[in-house]
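In order of appearance the chains are A, B, C and D, and numbering begins at 1 in each one.
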Amino acid sequence: MMHYQDRILKELTQKDFEVDHLGEEKFDSPVPLTSYNKEQMDRRVLFNNFVQLNNKLPAKDILSFERPAPKSKIFFDSSKINVGIVTCGGLCPGLNDVIRSLCYSCLDTYNVKNVYGFRYGYQGLTNEFNHTAIRLDASTVDIIHEHGGTILGSSRGEQSIEDMVDTLVKFNISILFVIGGDGTHHGSARMVKEVTKRKLAISIIGVPKTIDNDIAFIFQTFGFNTAVEEARRAIDVAHVEAKGAKGGIGMVKLMGRHAGHIAANATLASGNSNICLIPEEPFTLDSLFSRIEKRLRNKDHLVLVVAEGAGQDLLVKKKGKEKFDKSGNLKLLDIGTFLKNEINSFLNKKGIEHTIKYIDPSYMIRSTPASAADSSFCLRLGSYATHAGMSGRTNCLIGHWNHHFTLVPLSLALGQDKRVDIQGALWQSVREITIRED
Amino acid sequence: MMHYQDRILKELTQKDFEVDHLGEEKFDSPVPLTSYNKEQMDRRVLFNNFVQLNNKLPAKDILSFERPAPKSKIFFDSSKINVGIVTCGGLCPGLNDVIRSLCYSCLDTYNVKNVYGFRYGYQGLTNEFNHTAIRLDASTVDIIHEHGGTILGSSRGEQSIEDMVDTLVKFNISILFVIGGDGTHHGSARMVKEVTKRKLAISIIGVPKTIDNDIAFIFQTFGFNTAVEEARRAIDVAHVEAKGAKGGIGMVKLMGRHAGHIAANATLASGNSNICLIPEEPFTLDSLFSRIEKRLRNKDHLVLVVAEGAGQDLLVKKKGKEKFDKSGNLKLLDIGTFLKNEINSFLNKKGIEHTIKYIDPSYMIRSTPASAADSSFCLRLGSYATHAGMSGRTNCLIGHWNHHFTLVPLSLALGQDKRVDIQGALWQSVREITIRED
Amino acid sequence: MMHYQDRILKELTQKDFEVDHLGEEKFDSPVPLTSYNKEQMDRRVLFNNFVQLNNKLPAKDILSFERPAPKSKIFFDSSKINVGIVTCGGLCPGLNDVIRSLCYSCLDTYNVKNVYGFRYGYQGLTNEFNHTAIRLDASTVDIIHEHGGTILGSSRGEQSIEDMVDTLVKFNISILFVIGGDGTHHGSARMVKEVTKRKLAISIIGVPKTIDNDIAFIFQTFGFNTAVEEARRAIDVAHVEAKGAKGGIGMVKLMGRHAGHIAANATLASGNSNICLIPEEPFTLDSLFSRIEKRLRNKDHLVLVVAEGAGQDLLVKKKGKEKFDKSGNLKLLDIGTFLKNEINSFLNKKGIEHTIKYIDPSYMIRSTPASAADSSFCLRLGSYATHAGMSGRTNCLIGHWNHHFTLVPLSLALGQDKRVDIQGALWQSVREITIRED
Amino acid sequence: MMHYQDRILKELTQKDFEVDHLGEEKFDSPVPLTSYNKEQMDRRVLFNNFVQLNNKLPAKDILSFERPAPKSKIFFDSSKINVGIVTCGGLCPGLNDVIRSLCYSCLDTYNVKNVYGFRYGYQGLTNEFNHTAIRLDASTVDIIHEHGGTILGSSRGEQSIEDMVDTLVKFNISILFVIGGDGTHHGSARMVKEVTKRKLAISIIGVPKTIDNDIAFIFQTFGFNTAVEEARRAIDVAHVEAKGAKGGIGMVKLMGRHAGHIAANATLASGNSNICLIPEEPFTLDSLFSRIEKRLRNKDHLVLVVAEGAGQDLLVKKKGKEKFDKSGNLKLLDIGTFLKNEINSFLNKKGIEHTIKYIDPSYMIRSTPASAADSSFCLRLGSYATHAGMSGRTNCLIGHWNHHFTLVPLSLALGQDKRVDIQGALWQSVREITIRED
């Protein structure tokens, strides 16, 4: 299996890294750039981060991202425009931080006329649901970053692209900030097409949101740091429960539909987990059972972490067909309950005294306020998204790579998956600390 | 002012990035490397992360770091050796995590004979202080990562290099893990020289510890994530205090002797700070006073964050000479109390009603248990330090750069400073959110 | 329905409040009682806390509890005895605090010879399960109070009384401290009978543990303060989830088999819950549906708190017979899932857009380390239990009433239930804040 | 020294416990009292909680408090009146909870016309400072209970009684809720006199606020539970610091001007403190030094907790006269810095290696959001204060005694001090756990 970074270096070219823009930047920016190193900021961020042993860059091309820096000249006459914000998909720590940062950047830094918050995801960009948009100002968003969730509300699923663009026109929106995941940004890409077709000067800027951390070209999505913190709490609780009973098994199901980033990182963070199952590494029940039996015979208790997307093949085999939810996401079958029952049967059959405590902390994780690292990251995401929009960039996401914020074309980001590389260093670390416990 | 990354690209060569090793790797490693991509791990980590606008790499050379990956062949016959651990300098979140990870890696993964913990920093490596070394095992370190501080204790200051190497010989130490800051690693470098002089096969591996985050080539030191989290708590408290009184001023002094990383990041994380003073950006009292007056007249309350090393020139002017502590660190004069008094006098003179609440959360920050992100990072640092030592690498630190763990020669790391680049993107973000409040 | 305090005043006499003791206190106590007011401590704690309007005490008798104070003369020759500790039933915040306090009181204050920790509840007092008892000392328990759970492990269910007393004899135990709930203390009472029958000088002292807070004569059991803190976190998460979606319903199931204390107090603590269902107040699905519909039509979101024991009559009607677990506790049918499905069907039928997020935080609540208030309370419980045991008291619990620690005969405590008085002041407060939201 | 409860029983009579009211309750209350036990609520709360050994009540009289229950008939025509809220003195966890609860009770339960929040303490009740009162409604206070501090701001010190009553008249206030400490309620008492003199039908209801927990007749003031939680954090940090260095001394100064309740309870909660100094128990430097020396020689590290009011006699002797602040509170000399220096000198003189880390967490403690227990308590305080005001009660505080909320005449509460009884059970517990460490 080739790692996605290798695949990119092999298959893509610099052209794939170039961001769309709406036109000439001819207005003066109100951003004060005192003592700011313009030359430095004009540099691009290198995509590559490895070299071969012979110290040569491994690919035909050096690939790089444009940076979303503030500019002296911008595309929009900022004090005369309206902007819109919408949050889509599941909750994630930091949503309110991004909303607040966008508001402050637009209102205070760029003096835009109006910031509209559209309610309940893409539903709020249509007429169908009758959700009234909120006019946001400093007092509305003053302390929202200290609270979880999103003050705008959210929803899953697509809406009519035409209706949504109609709404942008109706509210006279020049920049729409879309905070959401994969499915959401597919919608954005379609809106961009419609906007282009109608020859509208509307920028659509995406802020990537996925608590699973599976969007490519953003090394770590906002909310992920917080999620791992809360996930660790749950693993530590499972550890306490496991030790509290003879043959105690603490089992924690964590987010991760297709990527086990939270499970892997929380396992490392806790240092108390003995088995970690993720979607990227298939397993058989028999191999799992034998690890469990061995551990219980040696140590009397066990902590098992499982990402929600792990072992779906086993479930499908047992339970039948796959289904999809409103966002077009595969509806996962519940691996937690399945494993709990299977392990229980196995240990009963073997006559091993045990008790399984199964913890599903998903809502506790996703609805918590952002950690400091995430708050800081969100504040900067909001600020760079604003700079990007004002400069007329569109059809792109705000990324983060090799320590720097970047601009990532939607087509580039949506074409790649970010998975835990089970041949890589992180998973080797997980393997070292869990295998030792067997 | 040239940024240190630019300076490095201009002044250094790949030779400066090459790590010392003790000799041929001829023993089989006990680490199971199933399904692990050896080829990928053999690659080196690129130092550069920018390209020029023309998409060319900016320097004469491509610079890169070796990775501290587990190897199939290693230098030491691991099950026959003793290793030692020592923690030096001030407390920092994550110390116990690193100790625990080193123990588990050495004992469980490499089956070493003995792990000795030397007590109270370099003091424990001499006879003079009579500190008894502790033999560490799984039960000693089982839950220490859930507690702040270091179970080994620490101290500042140098000890006799000869005495310390004598102790290594006495305990038959093959690898010494040194967890500490700048001053500490200068000591390590001197020990390496002595070890070489005596032709001993002892590896000395440094784990960089600085809550100030000012060691070069490790993008973010362990403990920093936790420190910013706790620092934000203090700023939020200052914000509550400021709003609780007419003319309320909440002032927080944060760590940062020469580098304002904590202050800058906590300011971004909190979103509630109005002025942020760091060592890298000199200021005059007059400019500070005028910002304070303006803010109090507009908004009635103000939050001021100051790094301990900020404004030292003002203090020296007022208070006289600089002094040094045991570790050779400059003894800073107290900028917090100084500013509190000066601001107080100024506002009294102006007849502006006010009340200043001054918070110094340093111990609360540095003694807290590690955040999940830091725990995970520390676990991996300990594991990679062990791999590095076992492979016979020496005279180096474990770094982290462009998303990957690296090996950094001590001479390279100690020759560079990591400061907040006041012409760079991070400080631009701080300026945007604080300036807007004036 | 008469409140249990009224019932007690009517039906019981002072004789029911008198505690058993083993015999004459003839040994000098090693406890230093400098400046301690012995006369004050000899007073008894009044049970009554109301008077009638005419300022007369309402009952035929004044009822009072003995206090578990340290004495100058004690029953056991403390430095020559062994004591045992056992923890039974479900986990509860503070278990380790009590264990630590008992150890320190016995070892440091009374210099007992050995403290044995029996493992996995009453199982550890029999031969059948082969659990080895742990000898506890200062280093074993030093930092356990900073961790949730119990280092001794626990189990549910009864064991042979004869076997258990045999074990006490085998380990030469003079005082057995039993930390557990209702069922556990029924077991203790039976052990006391067996001990008496065999004419052994063994004191059995109970420390009441019930996260549900439903043991009479201890105003608030240890762990309850912590449980309400964590339960509030879950309700606040439910609130965030509820506001995050159109027609959002956040539902939290909390502990409370027969008593809704956690649900009621967490509802008050959160201030964000709109409906609170507890076992003490029956409800019909129709009345619940109409509150939900009204609220969703007015406010678009709703938070519902339900104690696990609420609405069991509805479930039994639907699902059939009741069953019992190993501890003899009624096996509750899952009210959470039941309500989720019923509410879902109802709202679908009504065509009201909604989404239900169901949170069951039980393990997160019970496995958390003790809050400061609970830690302090546990420390004193452990200390008073030791004083009580040393003075030869037996067959009793350590209670807390009208601000003072008390001794409560097992027969008295086990004969009474503590429920939320739905005609009382606390429930009136809950009703005021939830009803206002309809 | 006689305990204040004994003194009260000896010196006061039931007359001292009777609360003033403004006149006949002739309006129907809008509070729904379904299934509420009116008879039970009409009972009074017994002050006594001890009986003598002979099971007789110890005093000539049985003393009791009226309960602040909701009534069917009330004094004010609630939907036609305005009410006011003011917060005075230092910050305390829970202030916003009380404000929110008062608002909701008045607006939602009693449908009052206007709730005014007067800003910055008693300053806001005068013209002199030009602070504009805020009209509070549901949206203003919706989420304030999740934040520390007071949205109204506060100040110390007295203002003209006439001016303040003029303001009440100007705003047509029928009930004024005063949240504050001792000094504040002395001000309230004077306002009541002026109101009476002018024959106004204005009720003044006090909500006792003192983080020191030193107001009599309220067993535990709001904010205290939170304060002990945060104070424990600081002690635990001091413990980590102490263990981190040879001869490490962690010293924590806690609130407690005249009463050591926080210090005593945080010492019990932490279980890690070795010396606890409070104002109620005088000490000499020599006795302190000898405890410190003994401990350091035995255990190498030490944690010392000191209440800010402890050892003031030593300071006055050394530093001279006492001074008073704006609230009439004695300005304490800084015992923390004093002890740090004295201990340092002593240990230097003795040649004992040591390092002192001094932590003053006061702002971190008082500005934190309320714990669940405090939030619940504050919600009920606000509700009962409203019921009390509506029933025409005045010149009183809302107390809490023997598990029940009470009404306490201002004259009764202000005439008594609540101190740690150093001959009592709590202090005996502190002594047991600290003395053992010597």
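To be clear about the criterion, contacts are C-beta pairs under 8 Å (C-beta built on N, C-alpha and C of every residue); 3 or more make two chains touch, one makes a residue touch a chain.
Quantities reported herein were computed from a predicted structural model and do not represent experimental measurements.
Peer 1: Between A-C and C-D, name the chain pair that shares the greater number of C-beta pairs in contact.
Peer 2: It is C-D, judged by the count of C-beta pairs in contact.
Peer 1: Select the chain at the greatest separation from chain A, using centres from the mean of Cα atoms.
Peer 2: It is D.
Peer 1: Suppose each chain is reduced to the average of its Cα coordinates; what separation in Å results between chain A and chain C?
Peer 2: 42
Peer 1: What whole-Å value do you get for the distance between chain C and chain D if each is reduced to the mean of its CA atoms?
Peer 2: Distance between chain centres, rounded to whole Å: 28 Å.
Peer 1: What positions in chain A touch 2 or more of the other chains?
Peer 2: Touching at least two other chains: 146-147.
Peer 1: Which positions of chain C touch chain A when the two form their complex?
Peer 2: Per the stated touch rule, the residues are 91, 119-120, 123, 129, 131, 147-151, 153-155, 233-234, 237-238, 240-241, 243-246, 248, 357, 359-361, 363-364, 367-368.
Peer 1: Which chain C residues qualify as touching chain D in the complex?
Peer 2: On the chain C side, the touching residues are 3, 14, 31-37, 40-46, 48-53, 55-58, 62, 64, 67, 69-70, 97, 100-101, 104-105, 108-109, 145-146, 219, 225, 228-229, 231-232, 236, 265-266, 268-271, 371-373, 375-376, 379-380, 383, 402-405, 421-425, 428-429, 431-433, 435-436.
Peer 1: Over in the complex, which chain B residues touch chain C? Could you list them?
Peer 2: For this pair, the touching residues of chain B are 143, 146-147.
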